[in-house]
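Across the two complexes that follow, chain A remains constant while its partner is chain B and subsequently chain C.
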Partner chain A sequence: MLQFVLDTLLRTADLALVALGLSMVYGLARFPNVAHVQYALVGAYAAYAVQAMGGNLAAGVLLSCLATGALAVLLGMAVFDRLLRAGPAYAMIGSLAVSMLLIALVLGLAGSAPRSYPLAIAAPMALGRARIAPLQLAAIAASAAIVGLYALMLFRSRLGRALRAIASNRALASACGLNVAACTAATHFLSGMLAAFGGAMLAMNTGAHVNLGNDLLLPVFAAAVLGGLGNPLGAVFGALLIAATETAFTSVNVGWLWGEPVGFLPVGYIGAASFAILLLALVLRPHGLFDREVRRV
Partner chain B sequence: MAFHVPRSLLLPLLFAGAVAGAQAQPVRIGAILPLTGASASIGEDQRRGIELAVEQLNAAGGVLGRPFAVLIEDSGGRAPTALDAARKLASVDRVPLVLGEYSSGISIPVGQYLVKEGITHVNIGSSSPKMREIGATSFSVIGLDDVSAKFAAEDVRAAGHARAAFIAPNSAYGQGVAAEFKKNFEAAGGKVVAELLYTPGQSTYRRELQQTARLQPDVYVYSAYGQEAAVINREAYDLALNKTPWYGIYLTMCTTDTPAQIANGQLGMEVGDIGPKGEGYRQAYRQKYQEDLKSAYGSYAYDGVMLAAAAIARAGSAEPAGVLAAMAEVGKDFEAATGPIAFDADGQRAVQPYNRVRYQDGVVAR
Partner chain C sequence: MSEFLIHLATLAGIYALMSLGLSVQAGMSGLLNFGHIAFAGIGAYAAAIAAQAGWPAAAGIAAGMAGAALLGLAMARLGRQLGADYWGIATLALAEIVRLAATNEGWLTGGAQGISPVDSALAGLPGVWDSAGFLLCSAAGVAAGLCLARRIGGGRLGRALRLMREEPQLAACLGYDLTALKTRAMVLGACMTACGGALLAYYTRFVGPDYLTAAETFLIWTMVVLGGLGSHAGAVLGALLVQAIHAAVPFLRDALGAGSDVAGALRLGLVGLLLLACLLWRPQGLLPEKPGRVR
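Now for the complex of A and B:
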């Protein structure tokens, strides 16, 4: 049971920060940024590059977050803001193109072979019968801390209030004297940083690899939609739900179905499980689980 | 009165005359090796094996009283290049026999082309069970994966393990090895409690490993390509699954990309580089290249050339049809550097020597 909780939290940590940033940008810019998951890819490789040049993990992650944040701002201003004038559908198609360009760029610079971070190998810790590696525990803790900080920012700071105001009514906020352009840039920067951090943490365990972004695409979108697009903390909850579903799907013993004492559903169908949940949620609650809260922000 | 001489008597006479007339004309066969590309280091070792065999044959007077030569072509590690090379060897050089290549994915099309041309193909480095289906004129001097899985199954069972988890890629290779392993392990009284055929190229196999662990195997038997094996080994380590023994089929392949700290102590098997009669080869290799055998594949290339020379000598000519018939005969019982070679009904090596090996600090050794 403890292993189930740990696995769920671990998977939530993988998804939460990226889903959070995606939902945040949607709240302000009103378009689903497909390239967002590729910021995680860029962040993972940037953190690797710093380490390959002699930096340590902390320096790698920090520099990678800053660089990816800057990239997100640049793309936001140079590409997405312009496309948005034509409509959100154009912006989304544009983000798909950016997504492919980013993958091609990483592939060209780093090659297709995965790159593992040069980290010391530490023996896993035992918590009862459950096992968890120290780095994985650190990843869970860091994600939780960042989500906490983000919530504080959103509900306790001037920037947070401004963001909420713009998300709720862009024209009114602008008329009240809020600098919408600056707030949008700040949002792009934050979302890029969060995605880079999430990507780097993923890569700590699996290595940086070209499919890192694409593998995130579906579960992260599912989490963000489940939480109600534009509701960042809802996206974190959505990530938790997706993670729990996935973990349950692969770890519940269903051997009785075919008369074996122990048996499991194949891991290959895991995507189907989270999408069944997503579909169900969309049919029953088309605006996500926290519809009312979103409209009230 | 008509004087009739059977053709079978006449032909050798004609050839004897031709040979006497062209003493310097060498007997030639072909070889296609990955001298460049991803497998270039293996290709170079194959080339060494061939070079040594040719030198030894010529020092002993050549073949059919003529000098012996192997025309070596580079495949570049690509099937189209290898096929071009095969076409050149068949139509320009008109060799009766071609050795090669290393990767199964290249050896198979090359072999199929040669079979169609009626030229003998000798596989010196590929182990896919699909090699068996190339055709009647294709032979293997290296054991295919049905033989390797049998060795592994018996080895693991002999070590006292009864409940094995088997891990391999979900590919033609993995499925083939998995089926053979299960068959042989269960025939020896063990049970394969979990069979994990993973999707190649994923970044994580954690869930699959957790499912496998729940079935409580007492040994993990796996065969995975370098990078995928690295992910599997790392995640198994994080889940503390390495407290249970791990056994690698082709252990060198399984451990090349894995950190030593994680892979240390893994057991496994590798193709044997040298048989009881192979010491002479090993010494000649050391003398010429000033190092120990770089891989087992040089030995198989050496054996391939020696077998081909023996077949040509028995055929009494370098005519493709004769060489083919002689190859089937010679291959019934041939004392080679990698151990005795005896072809089964399909022309594949039936008994293949393997070594039981152990990984420690980057070295796979007996």
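Now for the complex of A and C:
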């Protein structure tokens, strides 16, 4: 049971930060940024590059977060803000183009062979009957701390209040003297940083590879949509739900269904489980689980 | 050389048929369908399975169209109460489920290895007639698709679909049933795309789960947006352009003396760059839709 909880939390830590950033940008800019998962790819490779040049893991992750945040601001201002004037559909298609470009960049510079981080091998710690590596525990703790800090920022700080005001009524917030452009830039920066951090943590386990972003695309979107796009903390909960489904799918013994002592669901369908939850949630609650927006009839 | 050009034209024609399908859905009706490749995949798999069972090609194509039409129906029904962004993501998830099923149901689809060879009457022809026959088929498909799309676009249904794209509430006020309109656009586009997918399977004599990745959907979106959202001739032009870029990449790679990773990066990067440049500087596309000509 404890192992189940740990596995779920580990997967949540992978997904939550990327989904959080995606939802945050949607709340402000009102378009689903497909390129967002590629920021995780760029972040993973940037952290690897720093380590390959002799830095340690912490320095690599920090520099990669800053660089990816800057990249996200740059793309936001140069591409997405311009495309948004033509409409959210154009911005979404533009994010497809950006996502192709980012993959092409990584593929061209680093090649298609996966790169694993040069980490020391550590013995797993035993928590009761469950096993977990110290770095994995650190990753879970770091994600939880970041989500906590983010919630504090959103609900307790001036910047957070400004972000919430802009998300709920952009024109009114602008008319009240809030600097919408600066807040949008700050959101892009934060979302890029969070995605890079998530990508680097993922790469710590699986190594950095070119499909890292593409593999994240559907689970992360599923998490963000489950929580209601534009509701960042909902996205974290969505990530938890997706992670729990995926873990249950692979580790729960369902042999009793067809009368055998040990039986598992076909592991190839692990992705389909979360998409099925997504589709079910969309049919029952078309705007996500935690939607509180009032819609005019 | 002529053999290579014939191959390029055939492939461009097949993709043009798929992008025409998306042009009907996304261009004319404004539906953000990000699971488009699932229709092509169903067409291709139906063709392959029919060929294994010894059916003629026409029956395979028809079976593919029927399967894709069913999926299109399901997608449109699912979209009844969803916002456009949410619906787009739901279609992405549906296409991914189709791909996972194709990968895992090995008894039907051959699993990750796919199905090969996919035989058709055309593949047995001697010499150059083999490829020329496919070129004729794909050209005929594109011509038929273009005629159909234009005819619908100029008629009552096309006007209703464009009204739904621009002013959905007004369309509902005027008494149009939006779900029925969406369903028609989806099924129509799905049939055209499935036909393209079946031709692709017969032409390459192979079908596998790799035909169904989300990246393929994005490629077809690129074709439609390059040509101009809402313009059917533009969708065909876009398909031709993207295929030309893909065909040019190996020459470029040899000129640079680079490896296969760089070639992949060039393919993706050039298409992405073209799409981005088009969106930023010519968002109406290369052959923009001409509103107001329809009476």
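Just so we're on the same page, the second predicted complex is superposed on the first by the 289 of 297 C-alpha atoms of A that agree within 3 Å, B and C clash if a C-alpha of one lies under 4 Å from a C-alpha of the other, contacts with A are read in each partner's own complex, and residues count from 1 in each chain.
We take it that a contact is a pair of C-beta atoms (placed from the backbone, for glycine too) under 8 Å apart; a residue touches a chain by one contact, two chains touch by 3 or more.
Treat the numbers as computed from the prediction; the structure is a model and nothing was measured.
The superposition on chain A brings chain B alongside chain C with room for both. Touch criterion met: A:214 reaches chain C, while chain B stays clear of it.
Taking the C-alpha centre of chain A as the vertex, the lines to the centres of chain B and chain C open to an angle of 70 degrees, rounded to the nearest 10. Once the two complexes are overlaid on the shared chain, A:103 sits against chain C while remaining clear of chain B.
In the superposition on chain A, A:79 makes contact with chain C only, while chain B stays out of contact range. In the superposition on chain A, contact of A:121 is made with chain B only, not with chain C.
Touch counts on chain A: comparing chain C and chain B, the chain ahead is C.
Contacts of A:145 after superposition: neither chain B nor chain C is touched.
When the two complexes are overlaid on their common chain A, residue A:253 makes contact with chain B while staying clear of chain C. Applying the stated contact rule after C-alpha superposition, one finds that A:264 touches chain B and leaves chain C untouched. Put simply, the nearest alpha carbons of chain B and chain C end up 8 Å apart when the two models share chain A. Within chain A, the residues touched by chain B in the first complex and by chain C in the second are 268. Put simply, chain B touches chain A in their complex at residues 199, 201, 203-204, 207-208, 210-211, 214-215, 227, 230-231, 234-235, 237-240, 259, 261-262.
Touching chain A in their complex are the following residues of chain C: 30, 32, 78, 81-86, 88-90, 92-94, 96-97, 100-101, 103-104, 214-215, 218, 221-222, 225, 259, 261-262, 264-269, 271-273, 275-276, 279-280, 283.
Every residue of chain A that touches chain C in the complex is listed here, in rising order: 31-32, 79, 82-83, 86, 88-90, 92-94, 96-101, 103-105, 107-108, 111-112, 214, 217-218, 221-222, 225, 229, 266, 268-269, 271-272, 275-276, 278-279, 282-283, 286-288. Listed in rising order, the residues of chain A touching chain B in the complex are 3, 7, 113-114, 116, 121, 123-124, 126, 131-133, 136, 205-207, 209, 211-212, 215, 250-251, 253, 262, 264, 267-268, 270.
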